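What follows is a set of notes on a single structure, which appears directly below.
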Amino acid sequence: MFGYTVEEVGNIMVMQGFSGLSLFSVLLLMALGLAIIFGQMGVINMAHGEFMTVGAYTTVFLSKLAVEYDIVKSYFVFAIIAAFIIAFVLGYLIEYMMIRHLYKRPLDTLLATWGLSLVMQQVFRSTFGAKEVSAELPEWLLGSFQPTEGIDIPINGVFVMALALIVTVSVYLYMFRSRGGLRVRATMQNRVMAGAVGINTKQVDRVTFALGCGIAGVAGAAFTTIASTGPTTGSLYIVDSFMVVVFGGAASLMGTIASAFGIAQAQSILQFFMTSSMGKVATLMTIVIILMMRPEGLFAAKVRK
Amino acid sequence: MNALSEKLLGGKQGAIHLAILAVLLLVILPLCLDLFRLGLVGKYVTYAFVAISLVLLWGNGGVLSLGQGMFFGLGGYCMAMFLKLEASDPISTKIQTTPGIPDFMDWNQIVELPWFWEPFKSLPLTLLLVLGVPVLLAFIIGMAMFTRRVGGVYFSIITQAIALILSILIVGQQGYTGGVNGITDLKTLSGWDIRTDSAKYWLYFVNASLLILCIMLSRFILTSKFGMLLLAMRDKEERVRFSGYDVASFKIFIFCVAAMISAVGGAMFTLQIGFMSPSFVGIVPSIEMVIFAAVGGRISLIGAVYGTLLVNFGKTMFSETYPELWLFLMGGLFIAVVMFFPEGLAGLYEKYAPYFSITSLHTRWLKKVQKVSGES
Amino acid sequence: MRNLNQYCKLTKGFAGLPIACAIAGLMTMSQVFAGDFPTAAVNTTGLAVTDSTVKVGILHSATGTMAISETGSIQAEKLAIAQINELGGILGRKIEVIQEDGASDWPTFAEKSKKLLENDKVAAVFGCWTSASRKAALPVFEKDNGLLFYPTFYEGLEQSKNVFYTGQEATQQILAGLDWIAKEKKAKTYYLIGSDYIWPRTSMKIARKHIEQHLGGKVVGEEYIALGDTQFGSVINKIKLKKPDVIYAAVVGGSNVAWFKQLNAAGLNAKKQTMLTISVTEDEVLGIGGENLEGFYSAMKYFQSLKNVNNDKFVAEFKKAYGEASVIGDVTQAAYLGPWLWKAAVERAGSFDVDKAVVALPGYELTSAPEGYVKVDPNHHLLSKLRIGKWLKNGQAEVVYESGLLQPDPFPKGYQ
Amino acid sequence: MNPTEFILTIEDLTVSFDGFKAVDNLNLYIENNELRVVIGPNGAGKTTLLDLICGKTKATSGSIKFKNTELTRLAEHQIVRTGVGRKFQTPSIYENLTVYQNLEVSYPEGRSVLGSLFFNTTHAVQARVHSIAEEIFLIEQLNLQAALLSHGQKQWLEIGMLLMQDPELLMLDEPVAGMSAKERDLTADLLNRICKNRSVLVIEHDMEFVKKIAHKVTVLHQGKILAEGSMEKIQSNETVIDVYLGH
């Protein structure tokens, strides 16, 4: 068909399916942190992308050290953990200094965090320079492996997938299987009541926000394997992240996963059959139209008003 | 004063404030600034249109659109398309493969003018479309979202996405739109060279006067029952609905008006700066313009204008002295305004102006006098 | 007195910057003094020229997404100006720089050019990087009759009295490169891919015409990626399906890094796939990482690894000024030429007046450019050579091919 | 029985939220100038019933006829315009407007976009605002910001806002919640006065108050009508005592 052998087409379909999946895990990683911050707390964190960049720069920085001490093989795991911790702490501070004063005014958090993102970008620029940098990656993260001739499965793609899976599962366990998560959900559903039963809601807010940022940091670290690291890298991700979360129906983790999957498949398929930029437009367009018809997103439960 | 002027000027206070602004824009600034700085002010004023549109929509309507840049951009593009057609007459474009069409089309192997460019051959039609296209888009978006009661954050994010789509489209379809370069190298408006100094002065005054007009229009809307209903909706939308009002239609209307005002700003931008670029349609400018309004103080039309002027002067000055640091200031401003003076300039004015007003000075002076006389 | 004075100047110059002076030796016939050129005579159009100084502007993005690319140009222009000042400046006048930030925002470029020309009355501006910023600024330069030196390789289709283009226009960069790859790699099928804006699209248009009409090759795919898009899975699969002999790439910015990283991860490395790109210089390599580029080719007029006297000096100077780690890309070098060319123009004209300088420059031969000999063409572009660099793991390129001197042709017949 | 005698005719009305039937196959008839009180334990579906009538919630099946116009297909504001007014459980007024403005906004003219733009506060309007304010005991507070009113006064203000619309059917969800005994008496008089030329449908828990006003009482239980009739009859009704009064 179309002058290609069946095998060729088969291989492409396999790889195409895979790239759909890896795009899915990329979007999922981007969105998870936001799903917690926006979905659970209703805070519109426009600086989400910058928290990812924090993770990315952490990785780059550590990779430089790794090269010096010649531990390139193993450092990446630590890098991810470090990225999480740093982004987490930063998020904790930001919540304390800024966000907590704005819970009553969601649209204002949007403006304030936008301002924050500008500041962070400039901080990156002044500390790491305006030029893009790349992390020294361990061999085992490079290249691809070939189950059969003609099929290449990108290793970094697999890596990102695995990471996305781990993060998602742990978020799920935390939110729905742990006391901590219970407190979070309680607080978000009924702050007053939660306070009344002795939950330190302020603390919960702070940790929840920080957690979201931490996950963003992990995402950023992971993306050093597939994309660029520069002062303005974060701005590449922010809109997509919000699309995923909103499309999924802000409050639900399942929704986020589902919408990440849907968007990823749509985009990778459209971009295969149309030109890349038109593919992107088509995807966004579809999302917007669906959102207009179903504003509460895909997975919002119908409730009795 | 009678009902109408009352509504247009918004009472004695309003009239005074408007007059002060008018004098500042139309007399003082032109007198003290050289043409270059005045040109800058002219540019800022075009942003002020967007700022006041946001005062209507966000400050009073409680609906934050992160896509006002779209309407500014569309207005600008419509104007630019007309000017571009005029600039690319067969003689001046004879080196092209197809003379008589805009240069960027020629570069993209387009051999005849696309149908949607045709209307922009006539000025009246163009002026109509400058207002019409953005309003139509706003109407469609509004219909789709307000009738389904999409509001608050969701509205903001969706408008943002639409802005993104539009900018990707414009950049992608460069054969028809000029792509990322925008529509550049505009020369004359029906034979009148808009690049000359005299033209610049004229355009500045037209621009400023239009702004004053738009403020009066907005005043009219806000002081009417419509304005009161906007406030009511922001407070208890359900109640308004159950008082027999079709809430959606009101929101759609104010959204369209806001789009129209922004579009006027865009068109004036094109005329004064001499080109239009997709960098206005995107997300960043849309959000920056929100901060102009916020600095001015969301609910105050006049405040929004001062806010815009202030922020942009700050931006220009600061970026001249410390090119690499102005982002800190800009970002800091966003945070500070939101956290420390959500009322913006207008708020500060409300708070401190009475203290300096003639009457209060007078009374304080009287007190002093009495005190003195009392002692003697 | 004057001789003594001259002696001091020279020693100072030499003591301060021997290398720069050596360059200057080639560049200026002899040391000159403000005294010989009364301001009234050399500046009849009210530019910011005093008896001892002359103001110029540098206009690039120090902030925003483009700062990534434009920083190098700023550094190079400042370096050149510093060296010129060390040599006693131009017509005995020291150059004062006014730097403005374009902030990666085209309208701002227009605003700042206006400021530089109308307020600061600078004698020349070195700046702009993207075509969009140049297009925005151009009308201002033409109206105020300013003088702009533009460093980036670009799509051509432009020629202005007020602009000198020190980078290559499309045909210079594309044709020779394609000829080489077609001959060298026996390439028949090509896959064209670029970011979605005017420069890649115009370049690809020219490339396609050349491939189909002159090389008898076939374009099996043409793809444009939205600026800032970082996901290439599908595009790469399309390429795998078409199996082109050569990928011809003009991807820029953040996308560029993602493109190469994902291409490699998908198994399309230099061992399996030939790629010629026109958008990767040493600057980009910093972000992409040598290991992802190893073995791919770039078509540029300059590479840092170029072996010649001028370049050795230039690289040494640059690293001295901006640190060992700093790298020099094609555009950075082109930006470095700007001030020197302007100096030549002014000195040939014996005046700072734009009109005089503009007519004086064409025909000038700059023998001391790091890229080697270049000549200013009447169409305000430079005659220059094209090199093909093969990227090494360490982020440097090995020059594997060097063309003859190429005539710039901004409006190429048969390619439009 | 010929439905046209009734101002409101509800037949086979059902609504279910994901299977849970909040109102189940309900029939209800209200006559002109009748003051009907609906009582019932929490979750009986009282508020949902009002939501259904005024269109806040869409019915799953069944019909609601008001003066022979089918309401189930109309949008909220259209329903209001047919002459149905509804007061919410928690007083819903415009806190940052004055009492006067609250009433003026509710005046049933200039309801279209353009209408509201060119609406002028005529003497007629002012007169009406004053008379209503008189009626709801807020004439003194006309220029007070609504946020500053007491809870009871807010309840009255909302009733006043409805009266401005001069509806033929007035639905009140717990009008005396949070009122002092004195305020309750005043409200009772108010309701008895205003139901002279319109029908009123009240949801209330306070039996004393119900006694004072009710012409007829309907008892809802689990979305169904348990009993209907005069207060005396209801109070003597075994099942009712069982499920409700007994507790």
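Letters A, B, C and D mark the chains as written, and numbering starts fresh at 1 in each.
Here is the rule we use: a residue touches a chain if its C-beta (ideal position, glycine included) is under 8 Å from a C-beta of that chain, and two chains touch if they have at least 3 such contacts.
Keep in mind that this is a model prediction, so the values were computed, not measured.
S.K.: Could you give the fewest steps needed to travel from chain C to chain D through chains in contact?
M.R.: 2
S.K.: Using C-alpha centres only, name the chain that sits farthest from chain A.
M.R.: Following the centroid criterion, the farthest chain would be D.
S.K.: Just the number, please: Cα centre separation of chain B and chain C in whole Å.
M.R.: Chain B and chain C have C-alpha centres separated by 38 Å.
S.K.: Just give me the whole-number Å value for how far the CA centre of chain B lies from that of chain D.
M.R.: Chain centres of chain B and chain D, defined by C-alpha means, are spaced 44 Å apart.
S.K.: Which integer distance in Å separates the CA centroid of chain A from that of chain D?
M.R.: Their C-alpha centroids are separated by 49 Å.
S.K.: Provide the list of chain A residues touching at least two other chains, using ranges where the numbers run on.
M.R.: Residues 122, 125, 277, 280-281 of chain A touch two or more partner chains.
S.K.: By residue number and range, which residues of chain C touch two or more other chains?
M.R.: Those would be 62-63, 196, 224, 226.
S.K.: Which chain D residues sit where two or more other chains touch them?
M.R.: Residues 56 of chain D touch two or more partner chains.
S.K.: Quick check on the complex: what are the chain B residues that touch chain D?
M.R.: 3, 220-221, 224-226, 228-229, 231-232, 235-236, 238-247, 249-250, 253
S.K.: Quick one: which bits of chain D touch chain B in the complex? Just the residue numbers, please.
M.R.: For chain D paired with chain B, touching residues are 54, 56, 75-77, 80-81, 85-86, 88, 92-97, 101, 104-106, 108, 110-113, 116-120, 158, 161, 165.
S.K.: Using the touch rule from the top, collect the residues of chain C that touch chain A in their complex.
M.R.: 62-65, 67-68, 70-72, 196, 223-226, 228-231, 233-238, 240-241, 254, 256-258, 261-262, 264-269, 283-284, 286-289, 291-292
S.K.: Please name which positions on chain A make contact with chain B in the complex.
M.R.: 42, 44, 46, 98, 101-102, 105-108, 110-112, 114-122, 125-126, 239, 242-243, 246, 277-278, 280-281, 284-285, 287-288, 291-293, 295
S.K.: List the residues on chain B that touch chain A in their complex, please.
M.R.: Counting only chain B, the residues touching chain A are 58, 64, 66, 144-145, 148-150, 152-154, 156-158, 160-162, 164-165, 168-169, 171-172, 283, 287, 290-291, 294, 324-325, 327-328, 330-335, 337-339, 342.
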